[in-house]
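Should a chain be cited, it is by its letter among A, B, C and D, assigned in written order, with residues numbered from 1 in that chain.
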Amino acid sequence: MGRKTSPSPVEKGYQELQKKHELKRPVFKNCIRAFLVGGFICTIGQAITYFYIYYFDFTEQTAGNPTVATMIFLSMLLTGFGVYDHIGQFAGAGSAVPVTGFGNSVISAAIEHRTEGMVLGVGGNMFKLAGTVLLFGVFSAFIVALVRTLLTMWGVL
Amino acid sequence: MFPMFFWAFVVGGLICVIGQLMFDVAKLTPGHTMSILVVSGAVLDGFGLYEPLVDFAGAGATVPITSFGNSLAHGALMEAEKHGLVGVLTGMFEVTSSGISAAIVFGFIAALVFKPKG
Amino acid sequence: MMLKGKQSWVFQNRPVIEASAVSGGPFEGNGRLAEDFDIIHEDLWMGKDSYEKAHTLLLEEAITTAIKKSGCETEEMEFMLAGDLINQITPSSFAARSLSIPYFGLFGACSTSMEGLALGSFIINYNGAKKIVTGASSHNAAVEKQFRYPTEYGGQKPPTAQWTVTGAGAAVLSNNKNKEGKLVTTSATIGKVVDLGLSDPFNMGGAMAPAAADTIIAHFKDMEIDPSYYDLIVTGDLGRIGQETTYELLRKYGVMLQRERFEDCGLLIYKEDQPVMSGGSGAGCSATVLYGHLLKQMHKGIYSKILVVATGALLSPLSFQQKETIPCIAHAVSIEMSD
Amino acid sequence: MQQVNPEPAQVEGNNKKDKKLALKVKRDIQSLPQIYDVAVVRGKKDTLVVYKVKHMHRMRMKQIEKDINKMLEKNYPKENFTVSSDFKIFIEAIELKDKMENQSYSEKEAEEKLQKVIELKKAMT
């Protein structure tokens, strides 16, 4: 739906000139940071998992649920106290990909729009970022499960 | 227990690096990146590959957003085994509900308690 | 004839900038130009219950302070010209509501400050008014909320991104006959909308550079002068990338700027160690730096002729999502010390 | 690698036949190369078999569980086994065993606890 499909020679010439001055993203450094922070968050998740296994009646398989909920609770504190956006600037995907990032996207939108009221503001905007994850998660899961179930029914699998 | 922590760190970190590459190299928005990761999780579960990863890496596989797609698909598949095709729809949130409900509940609490710091 | 060349106005009657004032937020209070601000707020909320209301307050304060410094009353202002980046420019309109001055709402994104100064000078020059107040403002959190993500969202900004200035700048223009030792506007060049196909909203500087270059070239052509006429040519909020690109682009078209006489408001306003990536931006950027810092410098005699080229990226969140490229504009106003 | 590797335990403490069987099951499973820590608790009807999988084999954990189930079914067709590699079940089994060594812990209590652990394992899937 773009303005036009291919850039004109003038546009191309300028874009090349501009590229020379454009600051490059420090991809390697960003990846290292994402790895370290992302890994660290997952390690905390593992510690919380063991906590639920030791002190509650959760098995390795069922402890995932309370772990995720706890991580999102922590994410709420960090988001509310204005820390998570700074972690995000440092870590990039390292703090965006874990569920804490999912929590952050819901929580940040919720607190951002409280000035527009609880119903239209918080309620209406809570999922403005995370909604896409829900949509594609649910829809792809539906397709995957449907295909697998049909294949099983037809005896292919 | 130590190998578990180690592999959780490594696998979780690597999934985040994949996300970072989607940000920086493919120049995708966070929304696009998260959607692709979630879909990948669901597809991997369709091939029965995500569960072994969870067994191997623990939180390294359950904490990244990919696990969300995995558990949605997993819930749907489990219900489908019991109830046939209807289960595909009804079982979707069987396993995953905690992440979404926690995000909703804590998001609302946060909206009551916190103000954005800017 | 006031129109000179294709797109420039010459203000023979030399409208006087009687006074100016700027207000800012905490981040600007820690910036390089903190001392040039009349009002600094320690808190981004500024005692209001929404960022949008704080945004309105910024502009109100800048305008009332500027009017007070000019020795006039708010009632003497015949027109107010203002604009900002929020949907339907509500902060400016709400400020106009409380100030109750006849009002033109302007939208030129971050070029609004010079759009206002050019139009204000035009009206004064043609005896359309005796006194006019013009201003532009932006509020970091309100603008981020409008254009990008929630402020607490942990998205990573690339190094090409810019930091929206929290601040407002306003100036009182008059048809004062006594111009001695006063700053006057002498000409303005209205820019075309230029779009060379960049679409990354995290690289506004790169997108706006051609517009800046286009207007600067047009200004020199229309006015039949060359860059040495000015002590300083300052762009609005091109940031590091945009400024470098503009400089090179101008050289390519034979306009040789002197590097040390070419500045950018977005690079002046913050300190090196502030996490603003490529520099400051926003409608308040050129407004605060010009109406605060640069005019003071001119009064001190450091510069006597400057050309201010405010640039604006005319995109919306909607146009970006519909994969439109970013159309940009730049307006230039020449300000001189009258002797 | 940290190991517990406890002696097999049986709810009916003095049942020699049970003891022999539990020991044999333990040895059978221990002989598998992917496994490093095994505990067997024999109840009145059910036998709980818990083990740990070497980390590099955890990817194939589900398959290993299937294999063990198959093997036990083949070797001890009359017995009723509950097999698990879950860490939680393992902890519970060790806890139960430790309690059983305490004289004041009755057979009835032990059996109840064992059933509880087995339930936990069944609720898992």
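Methods note: a contact is a pair of C-beta atoms (placed from the backbone, for glycine too) under 8 Å apart; a residue touches a chain by one contact, two chains touch by 3 or more.
Computed from a predicted model, the values in this text were never measured in an experiment.
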item: Chain whose averaged C-alpha position falls nearest the assembly-wide average; value: A
item: Per Cα centroids, the chain farthest from chain B; value: C
item: Distance between chain centroids, defined by C-alpha means - chain C, chain D (Å); value: 75
item: Centroid spacing, where centroids are CA-atom means, of chain A and chain D in whole angstrom; value: 40
item: Whole-Å gap separating chain B and chain C, where each centre is the average of the chain's CA atoms; value: 45
item: Centre distance in Å when chain A and chain C are each reduced to the mean of their C-alpha atoms; value: 36
item: Where chain D touches two or more other chains at once, by residue number; value: none
item: Touching two or more other chains - residues of chain C; value: 51, 149-152, 155-156, 158
item: Residues of chain A touching at least two other chains; value: 25, 30, 60, 79-80, 82, 91-93, 96, 101, 105, 107-109, 111-113, 129
item: Each pair of chains that touches, named by its two labels; value: A-B, A-C, A-D, B-C, B-D
item: Partner chain D, residues of chain B touching it in the complex; value: 1, 3-4, 7, 51-53, 55-56
item: Chain B - residues contacting chain A, complex; value: 1, 4-5, 8-25, 30-31, 33-35, 37-39, 41-43, 45-46, 54, 57-60, 62-69, 71-73, 75-77, 80, 84-85, 87-89, 91-92, 95, 97-104, 106-118
item: Chain A-facing residues of chain C, complex; value: 49-52, 145, 149-160, 195-199, 203, 206, 209-210, 240-241, 244-245, 248-249, 252, 275, 277-278, 322-325
item: Chain B contact footprint on chain D (complex, rising order); value: 2, 55, 58-62
item: Chain C contact footprint on chain B (complex, rising order); value: 23-24, 27, 30, 115-118
